[in-house]
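The chains carry the letters A, B, C, D, E and F, assigned in the order they are written, with residues numbered from 1 in each.
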Amino acid sequence: MRNDGRQWNELRPVTITMNPNKHAEGSVLIEFGDTKVLCTATVEERVPPFMKGQGKGWINAEYSMLPRATQVRNQRESARGKLTGRTMEIQRLIGRALRSIVDLQALGERTITLDCDVLQADGGTRTTSITGAYVALALAIHKLNKQHNFTKYPLTDFLASVSVGVIQGNTLLDLNYEEDSKAKVDMNVVMTGGGKFVEVQGTGEESPFSREELDSLLAAAEGGIAQLVAKQKEALGESGLRIGTATV
Amino acid sequence: MRNDGRQWNELRPVTITMNPNKHAEGSVLIEFGDTKVLCTATVEERVPPFMKGQGKGWINAEYSMLPRATQVRNQRESARGKLTGRTMEIQRLIGRALRSIVDLQALGERTITLDCDVLQADGGTRTTSITGAYVALALAIHKLNKQHNFTKYPLTDFLASVSVGVIQGNTLLDLNYEEDSKAKVDMNVVMTGGGKFVEVQGTGEESPFSREELDSLLAAAEGGIAQLVAKQKEALGESGLRIGTATV
Amino acid sequence: MRNDGRQWNELRPVTITMNPNKHAEGSVLIEFGDTKVLCTATVEERVPPFMKGQGKGWINAEYSMLPRATQVRNQRESARGKLTGRTMEIQRLIGRALRSIVDLQALGERTITLDCDVLQADGGTRTTSITGAYVALALAIHKLNKQHNFTKYPLTDFLASVSVGVIQGNTLLDLNYEEDSKAKVDMNVVMTGGGKFVEVQGTGEESPFSREELDSLLAAAEGGIAQLVAKQKEALGESGLRIGTATV
Amino acid sequence: MRNDGRQWNELRPVTITMNPNKHAEGSVLIEFGDTKVLCTATVEERVPPFMKGQGKGWINAEYSMLPRATQVRNQRESARGKLTGRTMEIQRLIGRALRSIVDLQALGERTITLDCDVLQADGGTRTTSITGAYVALALAIHKLNKQHNFTKYPLTDFLASVSVGVIQGNTLLDLNYEEDSKAKVDMNVVMTGGGKFVEVQGTGEESPFSREELDSLLAAAEGGIAQLVAKQKEALGESGLRIGTATV
Amino acid sequence: MRNDGRQWNELRPVTITMNPNKHAEGSVLIEFGDTKVLCTATVEERVPPFMKGQGKGWINAEYSMLPRATQVRNQRESARGKLTGRTMEIQRLIGRALRSIVDLQALGERTITLDCDVLQADGGTRTTSITGAYVALALAIHKLNKQHNFTKYPLTDFLASVSVGVIQGNTLLDLNYEEDSKAKVDMNVVMTGGGKFVEVQGTGEESPFSREELDSLLAAAEGGIAQLVAKQKEALGESGLRIGTATV
Amino acid sequence: MRNDGRQWNELRPVTITMNPNKHAEGSVLIEFGDTKVLCTATVEERVPPFMKGQGKGWINAEYSMLPRATQVRNQRESARGKLTGRTMEIQRLIGRALRSIVDLQALGERTITLDCDVLQADGGTRTTSITGAYVALALAIHKLNKQHNFTKYPLTDFLASVSVGVIQGNTLLDLNYEEDSKAKVDMNVVMTGGGKFVEVQGTGEESPFSREELDSLLAAAEGGIAQLVAKQKEALGESGLRIGTATV
């Protein structure tokens, strides 16, 4: 039995609130249990210098936690004057994952920036961010399509992410903070709606893991991600169908 | 008639949601119309180096806007590697204002940090922050009092803030973003529940103002602040009464 | 009786030395008692990026204190690698104040930067800086006019600044450092030669103040500023008359 | 056939030069083909602040590339004033991986820092760094043991790392730079001498990958790592045997 | 004939104004022609971390130019967020030079910081700074001696500095800015009152120089420094005699 | 007798390994005894902003030490977020020295950057860097000449550097680390193949030096540099002859 009464392969309650921000081209407030992330999508009609003149677009992500998102207050990175390695690692991951399901050629020379700001943290902030950022991105592309009527729709699939871990020999899905701090093995998986892997990041800093454990973790993640994609489809409704038709 | 249908001396709808954050010692989500600020209070049992050994506490504030809080996305200050002058100015103002209604001696050697994070901006983010941070602070001190039973209650009064400005010769209360960008004179006022001034910051960069205009602005602010303090009392309920008894 | 023998509404001795710097387009060394600030004006035939293509000019200010301008040596901001909030706040104030009496359209697409470097500090460095920077600015515009013969003279009025405060219930004009550190209420006022307010910044961190106190402070400031403007006119002589004719 | 004539499951020539640095407690120059990394181990008799008083040691890693390690010169991170996200990610990975095979309790309150400086890059700099840093670490612990005669030997296993990828549907082992830039799927694997996983980081930014592809990549990595561990044993000789006895 | 009418071996007019700063333990405003530097000495009863517990003192120097000290305005180093290489080089030189004539043991565990702020520049700012900083240092040590009555007087000699250069085959003493920018060879020399070399820094970036030229430059510098030391003695008067007795 | 058995005027063993880096336009690994520096030359077909449009090229140098190049590990400058003054001073010196023997006009609008990375340090890293960087530069220019067939060959002479010092009254050539830390006087000299001085930097922080000592130091340096130039000629072979013909 888990500390919050869940089964080993049970997600925390997932809530997706659509468009909480009036300025952004797309936004969601996503909750995996007590982990709450505000994701906004910003469309800009230009690309970063290294992408100029290729006729292709770009997807960028930034991630941050409010100082009191956590039990103990963290110093702001703006006050420290630089990003931590953890933040850089996470925002690189979010951007890379989202680019895997966007046809940058079809998007054209524009940038969509996904800001993932963690309002409250209880484990799994990067997987919650990816899952929410996908929905904000889908909303922004849906809106862009209304204006530009893309020849080819730039979104190629759904995308969601979940964590899995091993605690006392048991594989668990979607770890909360208390579980995360006890896990000997910790893995984050990102998959498409079509069931392919986009990112597999497993680490056994405290205890190396066997091939059997790896297989069990991947299976648990696969199950969780299928449920998350279903939640995304439900939230996106008609605009979700549009994407579904094109790719799944 | 104002762009959102308000009277010249009418506040925007004010909403105060209590304790939206499960980790903080006190927290509110405060809304002045479409301006939404999450304020959290963090208590730490130590003081900054310059306050050590004086037997007194400290109140500190930090302010930040999410990148897409505004119509056009702003670069994160953490990515720029430094705070803007505007942010520094605002967080110094919030801290100074809150310290004016705290008896630092009575608080004892501890620091309360108020984080004001603007989730959505539509003018008046600093006044909304001060008004919300006061409530988060009151909650944190109320909680501290339950643990420590202060000999002297450290909160000495209510505190709220509002903006006023002059547009086309008319004094207006609580400017939204569109009004703010048109105002020739712009003033932020912070007052106590007892009706005294804590901060008066008026600027006529685009057009110097007369003593008559100044008097009219101060009167409008006074009226607005009285209404905001009433909202705070309503939100704080019993803990608000505690403070009320002591000071008003 | 004040610690330096002045009356409550008496300024410290004011000295303005014209053009101490051979490179700058305008410069003054201004002294309010023992507070000494070197102000230089630099004209550049370009505007900052955010002003480009509007046919308008820009006025910018920078402020700094030499490390041993104060009783205890301060670390250089260049060595710390960033400006303090106090410095940012002051230089934003100086720039904003000076822009209020310049017709940026008439100035044309050029920038005038006012550098205010405090050689020795004894309270009131920001008010001394504004009062001195005005004169350096007037000299630079006068020089520009000789070259370009402006259709409309870009300087619209005189501008000076003074501090006022409350100590033991008494309103005092132009506080020196010792007074400043004892004042319960502290206010900086910037006014034009025509007697209008450009900035009013009052703070009662240590003790909120009443409307009556505010009125008394404003009256004292008004008297001090009139005397400072007279000093500026005397220092500027013929070029001051030029401005005087146009605006007062 | 690969661009350098290797079989799909063939490593590049691996060379390990022992102790090229006369100051370090352990050092190797390791080469995976044209990728050359200088790894030095530094022992310090103290731990970072967050580890103090726990009676445990710490393993830390830093990674950097010389500016002309690559085909096109890169700006130094010291000149930019900050580390890139890529560097942070890699050095966090190296440190985490090495800690997995060190018994920090047995090591005692001391820190071993592994510096991995890439002298020349041709793909796989992070896997080369981990494989070389392990040997430098083993040398440093061997030397420490001579001085302190550890009750429990702190090194618990061998550790090596290799990259695998998918190019045009083929799984390839140990990608060089040209292969790396063409790969649709890219994976770095870190394993112990005992055949367990320490890190699995696979990314399909350009093309999501199936479970079958993942299995094939893992198998290829496993084969490569076994060969690398054999090379490490050969290089370490007697000190390697010491470790071997304890753990394999 | 030189551009300002001087002989080849003639210094510019040298002026030393004593104690222009009321806070510093010693201060001078020194002028070499139009080059004007404010030098202040600050005494602190502690040493930097690397000097702790050795029973010895430390002499430190910082150097900066006001932004409009030069013909074209320079960006402030505080705004750039870091010191330029030129500034670092100069302040290291000043500190090193001054330490050569201080007996750090005799000084005891205290630090004297010399701040050299260039108010106006016309070539030779580093040599002017060293020559002025010496006098500020002598004043501060004289003042310390009054309080502590040193067993051994910590100042061991006079110290001054001058530049020399080669223009069109002619050796010139004490170059002004225009000469400096034309010189093929540029040398700064620091010498003691006793006629020994403390620093010799010659550079022939634009044209390597022969041994004969070097000898001629050194001879010119020697003559100039003797005159500067005479000026210092005159300025220091009685306190200068004190030093003179001890060392010359 | 010196600590490593050398005569007072004897260089340490000098080794120059040609082209150790496959990417750079020119590279050497140079060793002065146990001091080992990797020097790479990078050619870019553009010049820095301040050189644009003059039809001239630029030579730039960067210097760095690996963290464990020294007996005690140094913090990386990239981790500190800024270059030390020492690094800036050295890389400015290297660049200035190399520019003295390059005809920038003849080079045309391109930049050659010399990176000098100290792999192991035992005194004299700056003199070793200059001597090695010269060879890397010569290789790069030789390669450029093959492509462009310069009308005028841009390299005008050989260039090498050596340190000299005074220990216990004796002049010593090419100090190693232990000697360097004991020397009362320390001098670095850069000379051309033609026997002219490019840089003379002598410092007597611990003990001012006489004219006789200076002469003795210069003579020793002259002898050492002649030997280093012979080594460079030997290493460069045919490309060295090319340069020799033009200039010596």
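Some observations on this one:
By our rule, a residue touches a chain if its C-beta (ideal position, glycine included) is under 8 Å from a C-beta of that chain, and two chains touch if they have at least 3 such contacts.
Note that the structure is predicted; figures quoted are calculated from it, not measured.
Identification of common neighbours of chain B and chain E yields C. Shared contact partners of chain C and chain F, listed by label: E. Seen from the C-alpha centroid of chain E, the farthest chain centroid is that of A. For the self-contact between chain A and chain B, the two sides draw on mostly identical residue numbers; the shared fraction is above half. For E-F, the equivalent interface among the listed pairs A-D, A-B or C-E is A-D, as over half of the contact pairs agree by residue number. Chain C has its Cα centroid 29 Å from the Cα centroid of chain B. The distance from the centre of chain D to the centre of chain E, with each centre set as the mean of the Cα atoms, comes to 52 Å. Chain D and chain F have Cα centroids lying 34 Å from one another. Multi-chain contact residues of chain B (touching two or more other chains) are listed as 81-83.
The sequence of chains round the contact ring, opened at chain D and continued through chain F, runs D, F, E, C, B, A.
Within the complex formed with chain B, the residues of chain A that make contact are 21-24, 27, 34, 38, 40, 42, 44, 62, 64, 66-71, 73, 76-83, 87, 113, 115, 117, 119-120.
Considering their complex, residues 82-86, 88-89, 91-92, 96-97, 99-101, 157, 187, 191-192, 194, 196-211, 214, 218 of chain C touch chain B.
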